[in-house]
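One chain, chain A, appears in both complexes that follow, with chain B as partner in the first and chain C in the second.
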Partner chain A sequence: MMKDLRLESRLDTLTNKIEARKVQVYYGTNHALKDVDVNILDKTVTAFIGPSGCGKSTFLRCLNRMNDTIPACRVEGLLTMDGEDIYDPRVDPVQLRAKVGMVFQKPNPFPKSIYDNVAYGPKIHGLTRNKAELDEIVEKSIRKAALWNEVKDRLHAPGTGLSGGQQQRLCIARAIATSPEVLLMDEPCSALDPIATAQVEELIDELRAQFSVVIVTHSMQQAARVSQRTAFFHLGNLVEYGETGQIFTNPSDPRTESYITGRIG
Partner chain B sequence: MSSLFTQDKKTTARNAAEKRFRAYGVVAITLALLALVWLLISIFGAGLPAFRQTFLTFPVTLDVAVLDKQGHALPAEMAKVTTIGYGKVLASSLAAEIAAQGIDTGGMTAKDLADMISEESAATLRNKVLGNPALLGQTISFTALANGRIDGFFKGRVTMESAKLDKNTSPEKLVLAGKLRDAGILSIRFNTGFLTMPDASDKRPEAAGLGVAIIGSLYMMFVVLVLALPIGVAASVYLEEFAPKNRWTDLIEVNIANLAAVPSIVYGILGLAIFINFAGLPQSAPIVGGLVLTLMTLPRIIIPTRAALKAVPPSIRDAALGIGASKLQTVTHHVLPLAMPGILTGTIIGLAQALGETAPLLLIGMVAFVRDFPGAPPSGLFDPASALPVQIYNWTQRSDPGFVERASGAIIVLLVFLIAMNTVAIILRRKYERRW
Partner chain C sequence: MNNDRHIARAFDRDLEAVQALVLRMGGLVEAALSDAAAALEDRDDALALRVREGDTAIDALEEQVNSECARLIAIRAPAASDLRTVLSVMKIASSLERCGDYAKNLAKRSVVLGTMQPIPGAAGSIRRMARQVGLLLKNALDAYIARDIGLAEEVRQQDQDVDQMYSALFREFLTHMMEDPRNITACMHLHFIAKNIERVGDHATTIAEQVIYLATGSMPGEARPKGEAVISGDAG
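Now for the complex of A and B:
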């Protein structure tokens, strides 16, 4: 608690978007996440780093309740977005996911056209009244995802025909087409080559202006490059959370130091 | 130092083993192909003649004195004349035509001449006249079926030697048949009746057709498709996408797998008990056959459908859920369309199995001798009908050798249906196959 207060004082005027208090996650009898306390800021890129199996993806998937689809998974503790408990029984997870978009590790466009991929979200949420509005949202989303120039002439070609990097940017366009408030990214660059990675990273930096972005990554360089805040997870514990510069240059926990210097992980 | 050009003992032995294994494979495939070829040759050899039939075409004088003794042309009075009367008319007309053409009958009696015409033709003529009494007194050109023995003579089934021992025919009749063919009265043509006419009694193989059986089978396939496809797909989607994974769903899963292996006759007993004895549905009706086959087909549709749903990558579900689609939207918009080729293939193969199923139909009375065509659906579904595999089974039981060719011909028809259905399945699979 002390640590949190110290961080708060150092932060600028940005507000907390998501707050987690004593979050526990169990897979059956396996206690996967223990006592996670974290404040995710609005209009900020927050990176979750840590060795494989440390629980960072699990925590990410708590934020839009994607863990609900795993029958054995149980979440305890308090998770709020804008002060509202997202695990409240009154919350419809489907509605929540429209506000908290997600981009997955492997690019997973629908086997439909590029246009239909992006238009799907706005369509099912009824965000548009006519075709012209839908066209506008599709174009805006693809532009924001820095993909427009590459696909504007073939919007009706299948999305699965794009290259890996383009597919991932298409998935980002699809996720932001519903105008979410938070964008979760689960290792979005792990299947991409360095050039595509650079494009996606640049994009993440631009998206920060509108969304709160949470990114899980295995690459510490990537965390250092794109994020303003970093959380280090280890064996189901949130070991350290703070400003990215501070975590990488002057970690307060010896485990964080061991990990970023490559001694554990 | 060993050279690369000489093989050591172990390599030689290994290569020899591989060569032997390949040889076993080739032998196995050859045996399988030979069996298939043998099967096809025997079926087509025996069955193809069923598609050709011997007909007698001659002018028939519809004698009012015989067919309408009162001369009032009233249907009620005319109906009193049985097929025997019409048989006499046919025989005398044929005798007159033979005399007119100057063909030597070798001293055959009128009864012998009448024997050359199928008994079925008298009934056909009677129906024709009763349907149109204005024909009375006219001379019409009529095409009659030749007797099964005459037909068999031209197909090689009946020979002069066998005719000598046969009470139903004689060498003289066969000789006359040859003469009639030369005179153009007797001809051998494609037999549409085999596909359109109903079954005929034991003594008339020449008139037996698959009409009722084909319609019965089509009705049943319709019932199976309408019931088994939606129920099977809904059950699969629920089990695969919505059901909690617990002991109950495990139990259901094991039971579905077991039900697919239950002998089909068991479904027949079940159908007899439930649909006929309990629900009171009519015997021999396509609706009951369809219901029984639906029960039998359901697990055979559910298993491939679930496999097809499982084969849809989870990343697609994640993508849809992550965007905020509901579970149902995820399934209907993304999972089902991607699984559709697998579902359709499974369904069509399930239907094809149902089409060829005999045993359960025997138990619900579809083995009955049915000559009346069932009516149009939906009420026709409750009329008695036959089914293709049961008709084959039936014909193999008949004593007249003419039914051997009918049964084999029916097998060809059934095979054509099955091959057509499997072709559709393959085309659908090819067409909608997606790579992701």
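Now for the complex of A and C:
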């Protein structure tokens, strides 16, 4: 197996953060995900790639129970985080989502100030006791999202007034303000220009020190650049999962090969 | 190996073009080697000169392969088997360029040897060895075209024979030199020629290994077979 030097130097252990066993997802009668078995490693960036409709976003949304909001959606199988069942009836999805943050394709800041966008999560989860603590969390999160220098003088201006790349970093700041353990990103750069994309990618690499990051992307090069593990989905199946360098130099499944080399598979 | 076409068909054309360049290089190198050996045996200085001049074309092709590959990497960001194709093309081109240099060197020495008393049987033996190595090179390139791991493995095995031919020649030249010190200059030249042809065989093996890498994604595991341990007194 090919060794990823970045992984070696930054990781002490390869512990599983999230484990999926025989996960099935149905939308009504449509069997959207079939028998997905995967271990998402802690403090690692995992990329999900695959053609549109392959189930990668569906699977991502299983990880913080976003699919709960879709009435016709049924999830079967076992999904655990740190060994605990995510779908246990005793688990509060809102609490779960504080631990498993999410960033979406299109930047979607609340129609509030930059400050309030980031302060929202800590406030509703009661993570702070006073204004000073809240200020601190807001600043720390915006700094982590590499946005501080650009917005520090206008924290009370509306978040929607920022540029697309800044808005996306604001959404990342909002997602990490609740100190999540896992950050899910659904095509976080597809609406961004190359510079903003590079900034978000750099950020992802820094966040890896603290969280497990799972990113869905249509850009093969982005998957190759930011992730240490790559999972390829096709027609609802997890076709191949492995070390990113290995997947991009010598994938074992011909469907993976066809997809990443841009062939008609 | 993936034989499907790319969705972007220009990508297929680019990959094919760069591989065609390498095959053209291979053809030129095979011809240079056999011509140089013929020039040595027939004491044909004109042919030797043509071989020396022809090396420029081989060098130019290598440069072209390298710049095409750089362009391909920059523009297409090849992955998986496409990436391995580009990497192996560059390695094979660099091996072939070295082989071209060895043929050129043979041609140079053949002109010098033409002014000396011939060593009986030597030029014929060298030519046989060159023919054998030329065949290895051809097989390695055929294996490359067909992505034929079996044939590539055969080339790897057959390089032993070349090593043995070299050892035999080495002993022969040593004997001639001990018999008559006036043979030393000619035999030294002949020895370098034999050594260089043996190195062409090594490059054929390298190409065969690239075929295996290209087809399987990993380099052949076990060390390639060695014909014989270093002979006592052998310089190389």
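As a working rule, the second predicted complex is superposed on the first by the 251 of 265 C-alpha atoms of A that agree within 3 Å, B and C clash if a C-alpha of one lies under 4 Å from a C-alpha of the other, contacts with A are read in each partner's own complex, and residues count from 1 in each chain.
As a convention for this text, a contact is a pair of C-beta atoms (placed from the backbone, for glycine too) under 8 Å apart; a residue touches a chain by one contact, two chains touch by 3 or more.
Keep in mind that what you see is a predicted model, and the values were worked out from it rather than measured.
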Fit or clash for chain B plus chain C once both are placed on chain A? fit
Would you check which partner chain A:Phe104 touches, where first means chain B only, second means chain C only, and both and neither mean what they say? first
Pick one for A:Asn30: touches chain B only (first), chain C only (second), both, or neither. neither
Who does A:Thr15 touch here: chain B (first), chain C (second), both, or neither? neither
So, does A:Ala224 touch the first partner chain B, the second partner chain C, both, or neither? second
Classify the contacts of A:Phe248 with the two partner chains as first (chain B alone), second (chain C alone), both, or neither. second
Chain B versus chain C as contact partner of A:Ser258, first or second or both or neither: second
Would you sort A:Cys171 into first (chain B), second (chain C), both or neither based on which partner it touches? first
Could you grab the smallest C-alpha gap between chain B and chain C in the overlay, to the nearest Å? 34
Going by the contact definition given at the top, which residues of chain A touch chain B in one complex and chain C in the other? none
Chain B contact footprint on chain A (complex, rising order): 64, 66, 69, 71, 94-98, 101-104, 106, 108-111, 120-121, 124-125, 160, 171, 174-175, 178
Enumerate the contact residues on chain C facing chain A in the complex. 2, 4-8, 11, 77-84, 217-218
The chain A residues in contact with chain C across the complex are 220-221, 224, 248-251, 254, 256-258, 260-265
List of chain B residues in touch with chain A within their complex: 244-245, 313, 315-326, 329, 333-334, 338, 434-436
